[in-house]
Amino acid sequence: MKLAVFLSDWRRTEDTFERLKADKLGVVLVGNGIYHAVVKEGGKDSPVLSKAGASFYVLSDDLETRGYTAANVNSKVKVIGYGDIVDLIMNDYEKTAWL
Amino acid sequence: MKLAVFLSDWRRTEDTFERLKADKLGVVLVGNGIYHAVVKEGGKDSPVLSKAGASFYVLSDDLETRGYTAANVNSKVKVIGYGDIVDLIMNDYEKTAWL
Amino acid sequence: MGELTLGVFPSLVGSMSLDFAFKLAEAGMAKGHKVNMWLSGNAVMMAKKGQKAFKDYSHNEKKMKELIGKGMEITVCEACAEARGYHKEDTPEGMKRASMDWYLAKTVKTDRLLHIGGE
Amino acid sequence: MGELTLGVFPSLVGSMSLDFAFKLAEAGMAKGHKVNMWLSGNAVMMAKKGQKAFKDYSHNEKKMKELIGKGMEITVCEACAEARGYHKEDTPEGMKRASMDWYLAKTVKTDRLLHIGGE
Amino acid sequence: MGAVKLLFVVQRPPYKSENPRLALTHAIASQTAEIYMDDGDSVVPTVVFVGDGVLNAVKNQNAMKVYGVTSTENHIKSSLMIDMPVWVCKEDMARLGLKEDQIITDAEDMGAELKTTFVSYADIQKEMEAVKHLLFF
Amino acid sequence: MGAVKLLFVVQRPPYKSENPRLALTHAIASQTAEIYMDDGDSVVPTVVFVGDGVLNAVKNQNAMKVYGVTSTENHIKSSLMIDMPVWVCKEDMARLGLKEDQIITDAEDMGAELKTTFVSYADIQKEMEAVKHLLFF
């Protein structure tokens, strides 16, 4: 399946994300999920970014709200806007999962 | 200080509890915090119960709500009611912290 | 153009997730998609008109009205609203109240569903 | 006998934490303590009278009224209430509305404070 | 559109939020959704408890007695009564030390014939792929 | 009672809930609490950001521009303006890779003289012991 996963938390309380498999997987970091794209805890990338085969996106509005810009974002992650999220949902993926 | 800490979550997103120090420390498990008293994940006690020098309490009402009874409770933890919580707060401890 | 249904659920009051849903709905409609929104759990806070627009708080009533004017269907869970004391007369203009089956029925024809049910 | 102040904050709607606060207040008063309660953030949901008592939802209005009758002081954050569209006329009888400074002032004389501010 | 399959995935414990309960009540509402649908259309939901969500399925919940609120147990039984599939993930039960006799397996007291299904995570993954929409709680 | 010290401890990131903001607005309200108090009484609050709470203190927050909501940054600056101590935990900044130049250190643009204090966790522990009441957010 082609699945777009939305992560809106920094500390997560479920392990669904780690277990999920998809032929095509998009991970959209929104809300406090944006910290996965900009914070290197203990000098390391967030474990979220190590999900194999996934494409990573971060919502620019939610970056800016929290004091970050595209310049702070991990090179694995693409900065996008609300219109891009609409396109990901409607065109690039078939299903969504807001974890 | 004499501190009564309330834990109401099973998966926690902060590490304040681990860092807190108190001469006298009471840990009151309420809400979903009761799972620390009854669930042995991977066969092991919850790490919460390894806090050195602490006294542990669990609210019977919240156990029963979730399908557990005193019989399921870890021997480190004392089962108490709302009246007992009042006494802990008013008599046994000076300060409280709801984490 | 497609149809997108947003299910917006609890624990969103005070967070920015309700704001997210309205901004996404706006972007979807700007691209010509039909957008439906279901508000349940704590997200039914939108079903109380006359909310004061403090700068310290999210305030989506104005945007919601605009989107309704442009054709967004928005329905609120009736039981979730009543349990919080939001009655029929509290409902903002253009917002519908219905049982949960309204949302279930929407999942049949909609091309995509984004169900924001998490914490 | 002592004085206990409970500060009850967000993210409590739909959880059992608001129920916890009322049961604890009841137990405290049963033991002869003076109990004050401050409702802020999402906990101001108590400041809307006429909530329908569905079995599926926590319903604390009745217990709250009993406790007010027995002398519990309960005050709701006025700005938090207005931002959610709860006006003066929505307030249940016996509940006060005030600014946050009411709560701050209570912390001075109260023997114990239980501030339920977490998620 | 015919029959559209939905998967309701409950991944967090009960009571701290009303979401697990809302997952069940929404899934149950599929029974009455026809009034909004064309002839021949229907919604076919499955509710699965996974991760810490399996704690929702622990039996003997006394929420009504203690807090005057319908228990999640009651909603699970209502689901079985209308023949809605309720799945519980075996691996997560094992991880949390839950035995089958601690779990709500049936609603015979309410006259239900359907029983809870204990599934592996692989079955859940397969169902995620099979359904039209996913609803995570 | 004289001056009563309170410690507001913010331990979670901003925006996901309104708690960090409410911590600041409640602490600021200590300024006007005299109307409810006896002569000579006062409340003396300190707000400390610890754990992931330090993310609240990252500067250049554009919440007003993007979502029309006052930023946590603005509330922190308002706190400094009324000379309310704002502390940020150094160990947590280091853990999350945050440098001092990324943090709100002052509110000179609003005319504040007080600056943010960078403290170690040991200082916070000491303050927890010194105050009358703790308020965790």
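Each chain gets a letter, A, B, C, D, E and F, in the order it is written, and its residues are counted from 1.
In this section, contacts are C-beta pairs under 8 Å (C-beta built on N, C-alpha and C of every residue); 3 or more make two chains touch, one makes a residue touch a chain.
What you are looking at is a predicted structure, and each value in this text was computed from that prediction instead of being measured.
Peer 1: Going by the touch criterion stated earlier, list every chain that contacts chain A and also contacts chain E.
Peer 2: B, C
Peer 1: Report the chain whose mean Cα position is at the greatest distance from that of chain B.
Peer 2: The most remote chain is C.
Peer 1: Over half of interface residue numbers shared between chain C and chain D means same, under half means different, so which is it?
Peer 2: same
Peer 1: Using C-alpha centroids, which chain lies at the maximum separation from chain E?
Peer 2: So the chain farthest away from chain E turns out to be F.
Peer 1: For chain A and chain D, let me know how many angstrom lie between their CA-based centres, rounded off.
Peer 2: Roughly 38 Å, centre to centre.
Peer 1: Between chain E and chain F, what distance separates the C-alpha centroids? Give it in angstrom.
Peer 2: Here the centre of chain F sits 43 Å away from the centre of chain E.
Peer 1: Take the average of all CA coordinates in chain C, do the same for chain D, and state the distance between these two points in whole angstrom.
Peer 2: 28
Peer 1: Could you grab the centroid distance between chain C and chain E? Build each centroid from C-alpha atoms only and quote it in angstrom.
Peer 2: Centre-to-centre distance between chain C and chain E: 25 Å.
Peer 1: So which bits of chain F are touching at least two other chains?
Peer 2: Correct list: 12, 15-19, 25, 52, 67, 132-134, 136.
Peer 1: Quick one: which residues in chain A touch 2 or more of the other chains?
Peer 2: In chain A, residues 8-11, 13-14, 31, 61-62, 65, 95-96, 98-99 touch at least two other chains, as defined above.
Peer 1: Taking each residue of chain C in turn, which ones touch at least two of the other chains?
Peer 2: Those would be 10-11, 13-16, 41-42, 56-57, 59, 113, 115, 117-119.
Peer 1: If you connect every pair of chains that touch, what shape comes out? Choose line, ring, star, complete or other.
Peer 2: other
Peer 1: Throw together a list of every chain pair that touches.
Peer 2: Taking the chains two at a time, the touching pairs are A-B, A-C, A-E, A-F, B-D, B-E, B-F, C-D, C-E, C-F, D-E, D-F.
Peer 1: Touching residues of chain D toward chain F in the complex: what are they?
Peer 2: The contact residues of chain D facing chain F are 7, 9-11, 40-42, 99-109, 113, 115, 117-119.
Peer 1: Quick check on the complex: what are the chain E residues that touch chain B?
Peer 2: 13-16, 52, 55, 58-63, 65-67, 71, 73, 95-97, 102
Peer 1: Of all residues in chain F, which touch chain D in the complex?
Peer 2: 1, 4, 6, 12, 17-19, 22-23, 25-26, 28-37, 41-43, 45, 132-137
Peer 1: Taking the complex as given, what residues does chain C use to touch chain D?
Peer 2: Interface residues on chain C, with respect to chain D: 10-11, 13-14, 41-42, 45, 48-52, 54, 56-57, 59, 79, 82-87, 90, 119.
Peer 1: Show me the residue ranges of chain B that touch chain A in the complex, using the header's touch definition.
Peer 2: Within the complex, chain B contacts chain A at residues 9-11, 13-14.
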